[in-house]
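One chain, chain A, links the two complexes that follow: it is found with chain B in the first and with chain C in the second.
== the complex of A and B ==
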């Protein structure tokens, strides 16, 4: 069989991707250059010349970066717990990570609107613990949004890191210690480099998901909080301005591609080093 | 080859370089180590020999600081190691399957300990080159670990552990992953290298041949205890217990009861007849007598200083330069005779042959309950 022979196995997947992904993408690209007045760069001129649009891009990147950073800080140690515990404790932890994935994002986001209300569980818990005396305003604040979005995307950070921790020989940090490396040195020189592929994969996943999140910001913040996905929806649904929406879509796509390319490059570099 | 100043080529005799006193360790209800005491001189090579689960690796991990003992004291060069983290002990470890850093090159692996201790850059490069030359890996300095053969990885692991001139090097079955031929070459190399550096070494193994070949002294361990601590020759010739006799080498073993006490020996009645063995036991006591296979000759006893019996032969095995004959015995008794290959032809399976060995070579133990 020729070297193309095996590639035919990907034919159905290729067809699905072409039909459901490439064609609409092409339409989006066409529409971003083609408005009521025919072909023009007006859409991009308007977008790039608008301080408001730049603000939306900045807010989108900020939300994605904060989400990724918080998920990493919480998820990295969690992945070690998951990988290095045994027996039923491990089973419970794995269930905690995997089960939420089977719930729809919409259900989870609605759940958070209930939890984050002034008389919701989060505020009741904070007051019960004596951390605050009056209910905090969480719903429709960025803090509340981050709590919800981190909760929903956390598994996508934990699972890739978990996979790379599983491959880490526990004797390697021990060997580093017997060679005179203190805990921090061992971590920076042995544990971190060997789990970096998981960190890069998890970071890429969470960043890509967060940059494109629509349901969670709209439900927890409302339409006033404009990120690129929210802007796309507003343009098409309310403003009836498909060119503006398409341009925002292309910008979002470009940002996502940039993230994937950068992380692939980082991963290769890490492998070569 | 000129070892650097840190290598300590002259082994100064210092009896209590490493002192292990009354070390015990329990996992849940099981006593994994039970009152282990051992002194190792500077430059000495001591093996911990025993079956898996005897506690030898646990003891090694306690010495490395990777595990805390429940009881007892360990001092190294007069320094109490209690509560000292592994990175503050200056104890090198060669792990089973090596535990090399896969993301670093050969040279970077060897340099790891020196960098961790913040040695000067120029000194590190020189030291790494010296160590790699010592284990004959100089040309492979820039290689990735995955590109090395098992034997080469083994050498990197040894060079890495020795680079920081540790006060003690611990080797955890470092040769078990190699094939037989390479293992024998590496044994010789490893021993010569450690001796050249005057390195104090503790070597964990379940391979009795390896322990006898390499060690100055062998500690035979069983069920968390040291059954015998002695030189290889003494371990083989005068096993302190039936366990050591059984674990190290082969033996003919006959059970019976003491029927007569003599001034320096006893007479034990066995299935093959009365056997005289040096030692003291009460008349009537259940006893076990044993003799190493190569101490036995075919033929009758030349004088009274020999034991002689007639042994029915069950099977023989040809080992090239020598042959083993196995006796047809019942119950816990067994007999193994080692002969030069040519001499075994007279004793065919199914025949009964006269055999003899010196009373002085006979070992006597109380029969295990």
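== the complex of A and C ==
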């Protein structure tokens, strides 16, 4: 009884999720089986039989995987700095992570189109430091896209790991060291397992955001870089082919669900160990 | 006390407002409003330089509804039974769709005398719609990086590696790059090359090393050209690039030797639209030498009325090529898909 009583608190959220997510997604699924000639599997047949579509899927997954990996490498140590510093240093670090979130993605992506130019700040810095002798072409390259997208999604990796690290008792690694564990052993057997839930949460968030990113690749790569979200937009807006767009939408959704399920499973496995 | 008065005032005002809304015909008859649909981007110079003169001469008030051609088409479809707009200014490919769907009323020389003075290539389907101006499209260049563009082959030149911007085929101006590619690959004139786009895609694939980006957002691309990040931008038209150049931006628009293209700006009468006589008079004004001379000067377009005057120093490229838009509309979806495969 009391359990049901508590469950009612989720009623508004449930209604919003059903009305604004479940129903439209259901319609999307229906649309993907329904074309001009009535019900058919033609949309899926065309999509799965097209080498081009597979290329788009591979590129989308590659972008999401690279973004997640780079965010993890940069974000994991940053989360420790954030959690274990004190005083004004910590305040500054927290501000560095949170403040960029208040800026629109479009503004940030446009900003990168200026910074990544041949005479932009990034190239001037690289040449000023003597790392390069001539401007590198960064704008409209995958490297430039990764710089921009990692910058924009990094807070979503740092914050969940930060939450895990804060719950980690700093004395635990010390205890492990006292008992004779080397630094690598301590990290792999004590620190990493205890922060794994944060890593999984952050990884899932960043991967889901990157796989569905539309504005950032469009602005930093242009129309020639086709990912699933760009393909969906083109299908609906220009080709007036809702079936093709819906199929691409369902494929994108399936990939995202796969990632969420896999990460939940990984998380449970981590807890059990 | 005050509250009661306010509420009464409010009620009275609401009642008056409701009465006004319930009798739109009276309002329309009194003010002689003519609702004209067009592109949002043209609203500025049309309202400043063109509408006032027409309003004064015809004794009407132009209500300009500025959006995109595709949106105007959607409105015409939705209001088919009782159209709100009388006249619409749209791109030719969208005009074609409107004509095919029976949304456009044919114009006659009796009602629109200036129609007879428009050059034949600018009158479509015997008066279904006419081009009131022809912005011409060539290749835009950064004036610090180039002095001009002699041939479209320069887009492919190794000297321009990573320096060329191309409009997406989703944009109307995207067609010109594909057409040029087909012409260069086959050696056929534009009028024949437009039916051999497979050759165009073949040639286009070799443009890739030079392509900095393919845009759908023109202002962003224009910014890259003006800042020198790009040297050349294909498919650009006079009523955009030359307005920027006149404002002092370091850009120019070249007319390569192979020829330039007509960017299609059409005007039509909505079938069953209100104030038919007024609509005819408005269209006649747009096709008149007086209005077209203003447009030539303010937005760097070619006039279509043979009697329109061209200001001194205005460079007029040879007759711009007008493609077969029905062929374009028929193939556009397949071309866009192929374009994405070739350029992606």
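Please note the rule applied: the second predicted complex is superposed on the first by the 270 of 273 C-alpha atoms of A that agree within 3 Å, B and C clash if a C-alpha of one lies under 4 Å from a C-alpha of the other, contacts with A are read in each partner's own complex, and residues count from 1 in each chain.
As a working rule, a residue touches a chain if its C-beta (ideal position, glycine included) is under 8 Å from a C-beta of that chain, and two chains touch if they have at least 3 such contacts.
Bear in mind that the values here come from a model prediction, so they are computed numbers and not experimental data.
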Overlay on chain A: chain C relative to chain B, clash or fit: fit
Of chain B and chain C, the chain that contacts the larger number of chain A residues: C
Partner chain in contact with A:164 - chain B first, chain C second, else both or neither: neither
Contacts of A:174 with chain B and chain C, given as first, second, both or neither: first
Touching partner for A:193 - first (chain B), second (chain C), both, neither: first
For chain A as apex, the angle formed with chain B and chain C - C-alpha centres, to the nearest 10 degrees: 150
Chain B versus chain C as contact partner of A:182, first or second or both or neither: first
Contacts of A:32 with chain B and chain C, given as first, second, both or neither: neither
Shortest CA-CA distance in Å separating chain B from chain C in the superposed model: 48
Complex interface listing, chain A residues touching chain B: 169, 171-172, 174-182, 185-186, 189-190, 193-194, 273
Residues of chain B touching chain A in the complex: 64-66, 85-87, 89-93, 95, 97, 99-103, 112-113, 115-117, 160-161, 164
Chain A residues within the chain C interface of the complex: 52, 55-56, 110, 113, 117-119, 137, 139-140, 218-219, 221-226, 231, 234, 237-241
Residues of chain C defined as touching chain A within the complex: 162, 168, 170, 211-217, 220, 224, 227-229, 333, 336-337, 340-341, 343-344
